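Both of the next two complexes hold chain A, though its partner changes from chain B to chain C.
This part shows the complex of A and B:
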């Protein structure tokens, strides 16, 4: 009984990391990035390809995948989403649908639709706490997620860009009045969300991942986050701990009655009153 | 009563042609299947165009309606309900479900409404993976259910059913647009507060197209599952249905009268023309979706509208045949 709980908490760290990127995009751009899970999978497969072809360890391969994915994110925001946002409210959502379709199938064409796990030196290792055994990779995922989230918290509080992102997500108009170029902030936020996606993808590699899991990752993580504000990564962590067994979406049903989910919904109605 | 226009004559003759299509032996059997799938997507995207395009409710829970109706049909046939009663019952269940969730999701607006509806099919999928109301442990749950006692219903019968539903959905769509309801919906879409302050009951007005859309989607979904012969939760409550509906509406042209028709045609063409290439088909659909949306937010019809011969064609089609 203890073992699955601990494993759930450890895996939840990874989900929280993914949810943070999702939450960042939603908080700043008010857009549901349906393609986020697929972008994470893209990062994951890039790392896999680097390992399979060049023998790079997934953690080392971050040096390549992080700039690649954040560049892609910047491109997507700049040339697709920004134009879509001018068209109508629902257009960015439809674009995200399209990106998800393209990514998911492109990955399936390039590789093949079977799931795969990576065998690195540490992927089969385990450690024991008392009578319980845990895989080392789960602990690594968790620690990496914590570190990345701590770094993001510092980034959001201490740097100009981070504070501008937080400002733009809290009140776009006020941020504009303070001289923040919110359009550039949107691109930056998307690129940063992609950095977290690349990192999460690399750590996801140690768990066998089929190509079409992107949507369900999105879905699980979407329910993890408190999307009121980006820049509060710890909130995302508290909602994490999902695994992708089929029964999970039932949880939203129960989450509605939980206080944090109630906050989410009261926020929805609050935003509705604002508009 | 509106006048009979050339457009009506064209549509009626197309419908008559489609009705006799399966009876003509020279026509290959596969055409029946193409038109059947076309009718299924046409009804769904027609209703989605009404809900999302005209009423401004980006509903992403259409799979919930068609799945619930399909499950009502399937479970009904297991306890001896005839399939036609299952169809009607499925539509009613989908409608009731739409009313129930409306109380929750209508409190949200814009992109929040989309989020609120997106999770509904996910919840239902989990529910139906766990729930086995009839049959032994070998059926139900993730394995899904056969639809029993449909030996008398062949491809021709489901074809005609889908055709009738598609025609009904187009009639409802046009009737709503030319009615006070359509005007009220446009008012709500443009500014809900202003509409409410003009004395429009926004909740009730939004509820009508939502429930009508749910019922038609459910009905045609149940017909689709008669054709398929079985139902299982993972592919039923799947976001791919939402994508298909979205694609055919957006490609044809959201917020246009004929958009759903054109879009469903293009979608079914792509679906079958590239079925052999598997993943490439969906990849190209994604590219088309993004390209069309960015080039022309009103879809293919928006592009056509830039050409003068198309505009004069539309004017000609709108002209009444008899009288002035």
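This part shows the complex of A and C:
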């Protein structure tokens, strides 16, 4: 009994990391990034490909996947979502949904629909606490998530760009009046959210992931984060104050699928049909 | 003395969607002046300030600041040129500390270099903010929040400060304090254009005043001319 609880908590760290990227985009742009989960999977398969073809360890491959994915994020925001946002509020959602579908299918075409995990030196290792045994990778995932979230916290509090992202999410008009170019801040926030997605993707690699899991990752993480404001990694970690589905941390850590999430999903898919 | 004109607005029309909020409004502010913009609700005062800052753009007419055309400029460029707006309703960054709120005020490239100097100046003007600098902004009282927003504006090292309904929802004693601080700010060389609903107070504090009604300037002149109150009343209330 203890073992699954601990493993759930450890895995929850990774989910919180993904949720942080989601809520950073939502907080600044007021847009639910439906493609976030699939972008994480893209990051995951990129590091998988780098391991399979060049023997790069997923952690080492971050040197390549982080710039690649954040560049892609910048491109998506700057050239797709920003234009869509000028059309209507729903248009960026549809673009994001389209990106999700394209990514999901592209990955299946390039690889194949089999789920796959990778084997590194440490993927089979385990450690024991008292009578219990835990996989080392779960602990690595958790520690990595905590470290990345701590770094993001510092970034948001201590740099001008970070402060500008937080400011733009808390009060857009005041942020503009401070001389912040909020349009560029949107691109920056999206690119930075993609950094967290690339890192989460690389650490997902040690867990077998099917190509089409992106949406359910999005779905789970959507309920994790605090989507009212960017720049609250601690709240994302605790899953506190979720205005959308009232998720509480215990449930997130145990990854219980809640029916209201499905209702939420069908609400959005219903919105697509209407528009 | 045309060289002395800091801000010049010529015949601007501004729309909110299909609703016309300003009709051929012209206004001038000279360097070093303190000018009041008076009017009832929905007269277009805030619209005018937002248009100066580039949050809205006029359909017709022109705005020049320091002799440069800013009619179509983006807000972030205008702020970097030295215009700061103190928005109405204590527009704070609620979840940041007082210090972070102030620091974000010096976001523009021009003001980053003199952040320390400006911070000292703000703390000299508002010692209360220094005491509370590590407090989260939305736990401050209304008056303190307004002080913080004014301080945040000063952090951008402005040449001109636009103030939107500073006194809204504040106790008269605090409003008096804030007006005294405006005098100090003006003495330090910052030109001020402020929006108020309180006619008497505005006329007392300002060198000149403009009265807006339904998006049009109905009266303007030196504030001593406004002392004959019936004239103002007539413009203001239409009686």
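In this section, the second predicted complex is superposed on the first by the 239 of 275 C-alpha atoms of A that agree within 3 Å, B and C clash if a C-alpha of one lies under 4 Å from a C-alpha of the other, contacts with A are read in each partner's own complex, and residues count from 1 in each chain.
Just so it is clear, a residue touches a chain if its C-beta (ideal position, glycine included) is under 8 Å from a C-beta of that chain, and two chains touch if they have at least 3 such contacts.
Computed from a prediction, not measured in an experiment: that's the story for all the values here.
S.K.: Looking at A:176, would you say it contacts chain B, chain C, both, or neither? Reply first, second, both or neither.
M.R.: After superposition on chain A, A:176 lies in contact with chain C alone.
S.K.: Looking at the overlay, does A:163 come into contact with chain B only (first), chain C only (second), both, or neither?
M.R.: Second partner only.
S.K.: Given the touch rule stated above, what does A:84 touch, chain B (first), chain C (second), both, or neither?
M.R.: first
S.K.: Of chain B and chain C, which one touches more residues of chain A?
M.R.: B
S.K.: With both complexes overlaid on chain A, does A:105 touch chain B (first), chain C (second), both or neither?
M.R.: A:105 sits against chain B, while chain C stays out of touch.
S.K.: Return first, second, both or neither, reflecting whether A:95 touches chain B, chain C, both chains, or no partner chain.
M.R.: first
S.K.: Look at A:68 in the shared chain and tell me whether it touches chain B only, chain C only, both, or neither; answer first, second, both or neither.
M.R.: neither
S.K.: Report, in rising order, the residues of chain A that make contact with chain B in one complex and with chain C in the other.
M.R.: Of chain A, no residue contacts chain B in one complex and chain C in the other.
S.K.: Quick one: in the complex, what on chain B touches chain A?
M.R.: That would be residues 52, 58, 107-112, 114-116, 118-119, 122-123, 125-127, 129-130, 142, 234, 239, 242-243, 246, 250, 279-280, 282-283, 285-287, 289-290, 293-294, 297 of chain B.
S.K.: Can you name the residues of chain A that touch chain C in the complex?
M.R.: Checking each residue of chain A against chain C gives 157, 160, 163-164, 166-167, 170-171, 173-181, 229, 231-232.
S.K.: Where on chain A is chain B touching in the complex?
M.R.: Answer in residue numbers: 30-32, 80, 83-84, 87-91, 93-95, 97-102, 104-106, 108-109, 215, 219, 222-223, 246-250, 252-253, 268-269, 271-272, 275.
S.K.: Inside the complex, what are the residues of chain C that reach chain A?
M.R.: Residue positions touching the partner: 53, 55, 74-76, 79-80, 84-85, 87, 91-96, 100, 103-105, 107-108, 112, 152, 156.
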